[in-house]
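Listed next: structures, encoded as structure tokens.
Shared between the two complexes below is chain A, which has chain B as its partner in the first and chain C in the second.
Now for the complex of A and B:
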């Protein structure tokens, strides 16, 4: 099925939660909703599901208006951040519950429950109660419950948030494969840019109730249409500085001048905002093309294989991501390097003018 | 590895030990002491062994009181628990109604037992009480001082009025702790109202319900003040429950020996029933649907 949202708006108590969202989700597509907390991801999903009516706008399934239709009739499934299973039923009955309510016959139920359980690697836990399972197993059960009926729309609302790191990685790898062969539209909400990239598919970036950009996940990442999208779809958020373009030169507010070349050569003159991702700044000199800059070190976070250096630069806080362990002195001025070929330039209206070409397999990842 | 022994820790346990000794162990041992002796005066006592226990266990009036008590407690639980659940389910979940309902529900709980007894004693009178007057007007021959059934029912209604709120509050707390996502999930599945109750609300309320049942069992099994204020255990013996009988024996007739023996049996009954109930419910919860 194709799900179309037409000018969906939702206001509650005078506050706008969803602001004029229009998008079309293709059959069998995997769609990531990426946005910070309170961006409206859950509300949008609830509207897609039919759990809440939109204040205005229409929801179409294959061109048919279903806006007022009850959720029971829509054949959807949802997985939540919390592990939601029927507490008094064992895993088998939990997975079987949607099929029983649909009125499938016993043999069919049994076959599909076992099939789905095997897919989710919980076939050995079928006679356990949810409270006897680990968090990961509980969420696998909840996902099996959602996947067992051939729903047309599967909504996953930050399903991995409450799991520990290891389990999260494990399930995150499995999810796209599990859903690949299906005709179901999958919508997956997350706050993490990394997760969105690993899941792939298409990505809708949400900010304050609006969808700021919707497209293939990697292309949204490489070409954020607005400054906001760039900030959301980047971890740590993209570093920003004001600039001005004139005479084939980009002058940054910090006083540095960059001659326009490469992907920057075609851009129009005027005021602009320049963005650079943390991994495109470095504390070691990458080569003669790099521009040296000075900033006051505020913080250094060492994650083991990488160091995140926070510097105070031109009245803003910038983050530099560098491979290896570095120990800059806090409070002292330190030099870092900017690669002009990796700059994003946004125009005066914060719309993307130039994005760096995609790097393929050399040194730093894009 | 050497285990470090430090006996100083015992000093920290001493205060608790003293408090428990004074509040529970010493009084209990006094009762045990009474129950095995026949005491005529401070220096005039005889050890009688289990004689008092035998006497008490053979007492037919006590058997009657025990049966009456079991019937009463059963009725209390049978009415208050389902009623409490039903009321809790219909309470509003948000808005100003919540606090209004909470205050209304908490009111009966704040009233002392003997006041409850007095309220219902007056309320049920046919001459000056609203309840009794209305019932008689409607043609019901209601008189709790003469009819044993009426007296028994009055005590039951009194308890339901007084204590159902407690069950409601406990269930309401249990219901409030269920995340909204459960209801959404059930809605998406297309589960019926009954299925939501049976498979989400009831299992999630289980632990508070166990506490509710235990509290209501213990309390109603020890009921004393209300029937005492209403009719003093009458008419006849209609509302003479175990506590009434025990008090009559100990304070009225000053039969300390049998009363002490009976107290111990009474205590053990409550302890045993609570333990059996708790164990059964907890095991059932673990094994359910396996």
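Now for the complex of A and C:
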């Protein structure tokens, strides 16, 4: 089925939670909703599910208006951030419950429950109660219950957030495979850009109740349409600085001048905002094309194989992501390098004017 | 375990608590002559005659039956009414919900005596006087708010997402409520039933005023035992012991849940 949202707006108590959202989700597509907490991801999913009516706007399924239709009538499934199972039923009955309600016959229920449990690797836990399971197993049960029926819309609301790191990675790898070859529309909400990229599919970036951009995940990542999208779809957030373009030169507010070349060559003159991702700044000189800049080191986070250096630069805090362990002295001025070929330039209305071409296999993740 | 000083205080405390109960039991297995005679810690001639009197005399045992009937009716009505009400309070927002919730509790703040006259007049005029249902309904005035209050606490502890997941799975509301939700708040229902039982079982004023013969509760029977030959102390004590028994039984069954109820801060 195709799910279409038409000008969906949701206000509660005078506060706008969802602001004029329109989008079309294709059958069998995997859609990631990316946004910070309180961006409206959960509310939008609840509206898609029919758990909450929109204040205005319509929801269409295959062109039929289903706004206000009861949840029970829609063929959907949802997995929450919390591990939600029916505590009084064992895992088998938990997974079987949607099928039982659909009135499937016993053998068919049994076959599908075991099949789904096997997919989720919980086939040995079927006679346990949910509270006897670990968090990961509980969430697998919840996902099995969501996947056991052939729903047309599967909503996953940050399903991996409450899991430990290892389990999260494991499930994250499995999810796209589990859902492939299905006609189901999957909507997956997350706050993590990395997760969105790993899951692939299409991505809708949400900010303050609006969908700022909706498109193929990698294309959104490489061409963030607005400054906000760039900030949300980068971890650490994209570093920003004001700039001005005139005479084929980009002058940054910090006083640095960059001659327009490469992807920057056709951009129009005027005020602009320049963005650069943390992994495109470095503390070691990458080559003669790089521009040296000075900033005051505020913090250095060493993750083991990478170092995140926070510097105070032009009245803003910039983050430099560098491979290897670096120990800059805190509070002292340090030199870092900016690669002009990796700059994002946004116009005065914060819309994207130029994005760097996609890097392929040069060692650093794009 | 070594005997320590602090155990003395504990023992004294327990002794202090149990003394009246022991005394009651002690009296119940004595003869009236012995009760009125010298003070004895143990009965000289233990007898079960007092209990026999109660269990064979309809004037006595019907009191227990009447009490049990209206208490049971009351518990059933209170729970049936309070379950949906508590669900609404815990799940939905509506104008004035907080005020209404608090107002429910104010019903319990007035002493039962305040409602004595209106209840008496009302039930007399509609022909409910001296029926079990009259007492049960009168007690609902106090028990329903309490039940709603306790149940709401338990229900709010259940994540709303469980309800939603059930609706998404295709459960209708009644089916979800009975097959999924009620099992989740079993302990809450146990605690609520216990408190309703306790109030209704020990309440004397309304129960006595609204009944005369057919639905006369045991507590009323006990206050009317002055006969020509004076007080029948032994029988009265035996009746007292038998009155404690149902309460003790109910407490035994819900003892684990009560602690949970206290932990929820609603009891």
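Things to note:
Going forward, the second predicted complex is superposed on the first by the 366 of 366 C-alpha atoms of A that agree within 3 Å, B and C clash if a C-alpha of one lies under 4 Å from a C-alpha of the other, contacts with A are read in each partner's own complex, and residues count from 1 in each chain.
Convention: contacts are C-beta pairs under 8 Å (C-beta built on N, C-alpha and C of every residue); 3 or more make two chains touch, one makes a residue touch a chain.
Values in this document were obtained by computation on a predicted structure and should not be read as measured data.
After superposition onto chain A, the modelled positions of chain B and chain C overlap sterically.
In the superposition on chain A, contact is made by A:98 with both chain B and chain C.
Within the superposed three-chain model, A:90 lies in touch with chain B and out of touch with chain C [touch as defined at top]. In the superposition on chain A, A:108 makes contact with neither chain B nor chain C. Within the superposed three-chain model, A:127 lies in touch with chain B and out of touch with chain C [touch as defined at top]. Of the two partner chains placed around the shared chain by superposition, chain B and chain C are both touched by A:51. In the superposition on chain A, contact is made by A:76 with both chain B and chain C. Judged by the document's definition of touching, chain A residues 49, 51, 71-72, 76-78, 80, 82, 84, 86-89, 97-98, 101-102 lie at the interface with chain B and also at the interface with chain C. Within the complex formed with chain B, the residues of chain A that make contact are 46, 49, 51, 71-72, 76-78, 80-82, 84, 86-90, 93, 97-98, 101-102, 127, 129. Taken together, the chain C residues at the contact with chain A in this complex read 159, 161-162, 164-172, 180, 183-184.
Within the complex, the chain A residues that touch chain C are 49, 51, 70-72, 76-78, 80, 82, 84, 86-89, 97-98, 101-102, 142, 145.
Those residues of chain B that touch chain A in the shared complex are 179, 181-182, 184-185, 187-191, 195, 199-200, 202-204, 286, 288-290.
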